[in-house]
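Shared between the two complexes below is subunit A, which pairs with subunit B and subunit C, respectively.
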Partner chain A sequence: MKCQDGNRGKFNLLGLVALLAILFYFAPIHFNEENLNFGVSVAESAEPAAEASTDVAASPYGPAPKTTLASYPTIKGINGRVVIWLVAQLHLWFAAFVLAVPIFVFIIEAIGMRTRDRRYDNMAYEFIKVSITAYSLTAILGGLLLFSLVLFYPDLWGYLATIFKDSMFWYAALFFAESACLYLYYYGWHWLQGGDRKWVHLTIGLLLNAVGTMLMFLANSWLTFMMSPEGVNAAGVFAGDIWPAIQNHLWNPINLHRVVANVAFGGSIVGAYAAFKFLSSSRAEDRAHYDWMGYTANFIAISALLPLPFAGYYLTTEIYAFSQQMGITLMGGIFAWLFIIQAVLIGALFLSANYYLWCCMGRSDGAERYYKYIKYIAIVIVGAFLVWFTPHTLVLTNEELKALGGPYHKYVGPFGIMPAKNTAVNLMILATFVSFLFYRRANKIATVSWVKIGNSAQVALFVAGVINIFILGVYYGYFTNTVYKIAASIPQVCTTLAVIVISILIDSFMYKNAKEVAPLKWGRVPERSQYALFLLAVSFTWLMGLMGYIRSGIRQHWHVVDIMRDNSADAFTPTMGFAANVVSIGTIIFLSMVIFVFWLSQISAKKVEPENYWAPEAVDGAVGKGGGG
Partner chain B sequence: MKNFLKVAAFSLLVIFSFAGFANLGIPKIEPAPPPTEEKIDLGSMTIEQFVGIGEKIYKGKGTCTLCHNALGGRAPLLEKAATVTAARLKDPRYKGEATDIESYLVESMIKPSAFVVAGFGKKGTNDAVSPMPDVSTGSIGMNEVEIAAVTAYLQELGGVEVTVKVPEDASDSAAEDDEEEQRKPFETVEDILDEVGCGACHKVGEDEGEQGPDLTKIGALRTEAHIRASILDPNAEITKGFKKDLMPKDYGTQLYASELEMLVNYLVALK
Partner chain C sequence: MKIPKLLQAVLVLAIVYFGFILVFDIILDHVIPSSLLTMYMFFVVAGVFMVYTANEKSAKELVAPIKALVEDPSKKMIRNVVFVILPLLAGWYTYEKTSLSFEAPVELRTIHPAPPSSMKAYGKRYNVLKLENPFRKFEKTDPKKFKELIAEGAKVYIQNCHFCHGDKLDGKGPYAAGLNPTPANFQDVGTIAQLQESYLFWRIATGGPGLPKEAAPWISSMPIWQDFLSEEEIWQVILFLYDYTGYQPRSFGHE
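On to the complex of A and B.
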């Protein structure tokens, strides 16, 4: 036992060292000392052009291609842009799913090891099992994307390949490494069980995550180079050093945003799987298992959803820091309407997540104590949603301007700016957290002597937090220069996080050794609650598609912003209605493929023994030889 | 199966609701097409017309009003940019080389960090670096004539004397540029078709483009004069079933006269 513990410690250390090495490797610019305040280093922002021009003087590389209409091959009846759009989006959905699943499988497996509760291990295995076919689909779609790029945008592909050829080689190498880790992790699951073997398995899981994350970071650098190119001069001549091109301005903001979003997305998809299995199961123990699985997946999705808006604000701040023009195109131009659609989707996500939690409270009779508060949480969420829903700068006709008496509505207008929306989303997050706290307490009664003080401290914490969020929003939103309006988001985020962390700490201590008054009965949830999980998964998928359109759309008529112009017949920004239709078609294709993946995982577990099909002699003979008698 | 159908129907309903809202719930806006460089005919232009051109660029291609507006407060308003020049030039924070209003305004467009109005600098730079891009490069990419026009407009806007002169030597400098980059004429009609890319939109030669009319028998359908006119002014007459503005309007300046005639003769012969 001693030896086993020692080895466990060794593997723990190995894992930690590997994780730290990865973190240091990928934390170069936006998290250095100069930039801890989410700002941009002055020296860095002022000098790159000069640096690049000195470096490129001796560069053997040519400028970015100047394309004409003839540079874009056409195929009868096929729109190249829509093909690439759909294939890229499908690749991204699958990639997000297969990168996210190992993250929480690793965490769940570790929880199982820690608690020695086998149910966690089984659930982690089921998660990885249902996603296994998705890996090959991701690779197929990646190949299809490459093929489409070469076919429809050959000059763009050629230019990117010239700059990123080294990293593309590493990408391929990492792809093999990821496959090796995945196969070892999945096929070795039951082989590497117990003692040191389990630690080896967990380490493979860590490696799988590390390699997968590096793969995504590399691919992210290619797309963020197209948004915020660096390492090239104004004509697009590559200086020869790939690192500045990889480490471009928006690389880390996108990396962070995608890691968090992937986990939320992956959780929601697996939640939908569990929901379907729950609805299809007739045995009580199966329903209990899939209810638990759905709850865990939803917990993962919501845990990642809560910090996602903050990662989004960080990304937007950096977009503004890179180019105000790009930032304004994103938030104040035609895309302003898109954020109204986004608000509807975010509203759907938060409402479905909360509704699910409220339904889940029915698992314990002890939850009745908290039902009376649910209506207030609902009011806060709907109110916050409406503020988020309020448009900012919209394109208005003269008649509309006259009717409105100006560009903003007299009463509703002030809610259109970002500080109001920041305030709203922080309140929405806190309200969701309150739902979770009620759910968490549903079946228990705290037994510590300081319950009243603890509860009062939590209420005081929430009240102080909400007041602080309001004051910050109002001060920064309406009494400072526009440039500083976004600044409200950082202290607001800190407030929200502080309230959540401190509250969890208080709750953990207060409910340690709590008395269980009405045990949780897994499987005792209404069927409608499972539809909340489907709503979550579909909304997430659709939202990701929509945000993909806007991320790509803000480049406008540029393949590589300010460096390589798009001169194809499709260089215009599509209307939002058209984009929504493409996203909807993509979502339907993606969900159909996911259903196929899940179905494959089900039939792989089924075994049919056909009657009178196999010759009895042959069967007996095989058993005789193979089985050793 | 029943559950599957219920879940599929629910999911499709959600997707169609989102798509329906995006299509019907918000106004239909056609995004502006990508900007194109306008040819400014300076021949007989008055300074008032030149100022008008400047205003058009200021509100359009230059995208100046994206930030310089009263609503957002992201950049200083420019109504008084011309009148405060003297004070700016004396300011100890001024790092430029301008000597008068005109050169200051030009400098502020191509070297925005020469002087940053307090409170409008990049975050963390203590107003030493401007977030504004150099308008002569990148996606704005204004040429000298356009910058001069905007400068004239800003002088007019500020109520000071417009000292900018309508450029007279623009054609000379353009000629010099052309001389430097002058290409050799194409020798065959196949070269012209390849380089100009007619086949990207038209069915002609070995190409199967579909966005423009089929040219494989154009000589039997149109006269020589009509074909020539269609190349030089494509929007003058649009064949039924095809859209306006798809074909570039500058083949008259892109092609040499000899190439144009070679191309017309080739098309006339397609019967």
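On to the complex of A and C.
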């Protein structure tokens, strides 16, 4: 059965890739050069006409199309924007998942090879098995997105295809390579075991990751071009060199942000899978296995979550640097309200991650010693979180407005800007790390003679780190100019990372050859801890949907910022309620599909031997040939 | 006497809630916005219950009184009272929140409207993304001239702007009380300290009518100052705003 499923998956993928290749091949013929003018003269389409005209004369490419309402086909009254929004988001969710899973499967497989602990290998295989079905869904949704773009936004698609046609061919080729690597990696798992064969298998995993990452980077260049176009002049005339268009201002910030976020998101989805299996298992050994799996997936998700805010700052800083207008629309303008929801969701991620760790301390009999500290960690996290989501612009009733004498709050207002947020998030990260440190220590008793000195050094390290974070946040954040304000976030991050790394080093030496209080009891966790894993996955998914909308939405009425205007009936920023509903519907669809994928992996492990169904000869014959699937 | 966990949790929440009101509304004399307090309390409640349910023993102690209330036959009377009071409280709260009132609805205003990428003023087009204050360079090259320009800006400010924005630039000028929304407070860290000078030029030159279409209505009473001030005067007044408040305009290059 597996072979048949796999073949079907391959058929889907190969079909889609062939389709992509055909569309990419024909798109430039239809849309490039003189056809791209769409009957509009160069002078008409160029905004600063004088600047554009010289390039237009030299370039074989036309300017960006000037669309009218008639350029956007309507099909049976369907809202093209909402269709593309949902399909693109669903494609992205699945793509993030299937790109992330191989990253940590590779790491887990390598850990298994190093420790020779077979459980890691089995778990890595189970992870990749989950991603196989998701891979087909990613490809199907990618095809659907392409159809939707061609159908609803033909001029935009034509313009992008003209500029990126070469990279689109490479994209299709890389898609073949990724499929080949993934199927070899998955189907060859049990075949390539032991000695050099295992190394070959691991290398295929590395290749799979390299190809997958390149694929994502290529697709990222298309969407970042729409936000920060380069390689074209003011009228959108393509200069002919694709590299500047790919390497546009926001390409690398998005690349970095997406790689880190994908790992966190993928980890959370696999964590939800483990929670699902844990809650639906009745056998103690299954619960122990899925508890361990959930813990590992959560560990990966949280490890990637910790640096994620910093990748986000980098991206936002670059958005501001590219365009103050986009930056303000994002953080201070209309989208600022959605950032409050974003802040709440990120806080929910931190809270659920910490709660999971606290609950998981129950696996150890030695955890009792650390329970009394949990309330202090909670105070720091909740306190920092309150600062984190205090909005820049407060929602005030008229009474409050009158009482305050204006929309500015003397004491809460300063929490609304980035220096306060940076300080808060660094503290949240450190507090989460302390939770992890306690979890790690819960079952151990250090035997080295310098335990007191080690603990004191760690406390001193944390105190010094927190003081430094405060000085950087308060002094540089509020009493210097914006160059230093923004720059101060870097030493803040470095402080946090330094505290974490040095603390881990001290801890690993201190707990080397430590005594175990008792064997860890995998599976002995309250069921509510598993709901924390679900919350983590749902929050990540919703958050990605929301941020995806915001990132795309800050282009406002432009398809390609300042170059190609959106003249469709939907060229307006939807209300926040509408946007939140679309993101929620997308989240529900995605999670339903993920549950379907989980269920598929569950039924694939089930085998029913029907009584008196198969003729005895046929069964014997199959067994005799060594077949049977 | 050991306080039951459930009561402890309720007491902690009450202390935090009234603590916010005591600190902000009474001690600091700056009310805490109810929308913010609701959000704060939501997560404080979450945090408190997470702490109390972090381990099995504590979780069992926390829910024990609730379990007893529902299951213990001897608590029939109190159970009935609670089961009547709780829905009534929920109903009252819902009614309070949804009933019609004469209070104007809350408006989601944004402090910083997004500037356009280019703008028209003084009969020409400016690229707002690249626009710089032509006088800023004198801060380094000719400090004396720079001070004179600031003094010119101060004059322009006092003659034209302080009526609304105040002589301390805190948004509390003599006319401020008559305006809603109130004039911008330049002393606040969230206003000019976060912005490039080109942004201020756009807002001053084009005023309320120049605000973007999104997030309308802005109901800003800022005049179109290009009709009354020269381009140089606007740049001078911008120098004064930063000089007086001690903030530096947002920039992306080191000095």
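Criterion: the second predicted complex is superposed on the first by the 549 of 629 C-alpha atoms of A that agree within 3 Å, B and C clash if a C-alpha of one lies under 4 Å from a C-alpha of the other, contacts with A are read in each partner's own complex, and residues count from 1 in each chain.
In the analysis below, contacts are C-beta pairs under 8 Å (C-beta built on N, C-alpha and C of every residue); 3 or more make two chains touch, one makes a residue touch a chain.
Keep in mind that this is a model prediction, so the values were computed, not measured.
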{"item": "Room on subunit A for both subunit B and subunit C (clash or fit)", "value": "clash"}
{"item": "Which superposed partner A:556 touches (first subunit B, second subunit C, both, neither)", "value": "both"}
{"item": "Subunit B versus subunit C as contact partner of A:478, first or second or both or neither", "value": "second"}
{"item": "Partner chain in contact with A:323 - subunit B first, subunit C second, else both or neither", "value": "both"}
{"item": "Touching partner for A:531 - first (subunit B), second (subunit C), both, neither", "value": "first"}
{"item": "Subunit B versus subunit C as contact partner of A:416, first or second or both or neither", "value": "second"}
{"item": "Contacts of A:371 with subunit B and subunit C, given as first, second, both or neither", "value": "second"}
{"item": "Touching partner for A:588 - first (subunit B), second (subunit C), both, neither", "value": "first"}
{"item": "Which of subunit B and subunit C A:386 touches, first, second, both or neither", "value": "second"}
{"item": "Touched partner set for A:70, first subunit B, second subunit C, both or neither", "value": "first"}
{"item": "Location of subunit C clashes with subunit B - one stretch out of 43-51, 115-123 or 169-177", "value": "115-123"}
{"item": "Where subunit A meets both subunit C and subunit B, residue numbers", "value": "321, 323-325, 328-329, 332-334, 337, 344, 393, 395, 407, 481-483, 556, 562, 573"}
{"item": "List of subunit A residues in touch with subunit B within their complex", "value": "37, 39-40, 42, 45-46, 68-72, 74, 76, 234, 275-276, 279-280, 321, 323-325, 328-329, 332-334, 337, 340-341, 344-345, 348, 393, 395, 407, 481-483, 531, 534-535, 538-539, 542, 556-558, 561-562, 566, 569, 571-577, 579-581, 583-584, 587-588, 591"}
{"item": "Complex contacts: residues of subunit A adjacent to subunit C", "value": "320-321, 323-326, 328-329, 332-334, 336-337, 344, 347, 351, 354-355, 358-359, 361-362, 367, 371, 374-375, 378-379, 381-382, 385-386, 389-401, 403-414, 416-417, 478, 480-483, 526, 528, 556, 562, 573"}
{"item": "Subunit C residues touching subunit A - in the complex, by the definition given at the top", "value": "24, 28, 30-36, 39-40, 43-44, 46-48, 50-51, 53-56, 58-59, 103-104, 106, 108-117, 128-129, 171-172, 176, 180-183, 185, 188-190, 193-196, 198-199, 214-215, 247-255"}
{"item": "Complex interface listing, subunit B residues touching subunit A", "value": "3-4, 6-7, 10-12, 14-16, 18-19, 21-23, 26-31, 33-35, 63, 66-67, 71-75, 113, 119-120, 122-125, 128-129, 131-133, 137-140, 194-197, 199-201, 208-211, 246, 248"}
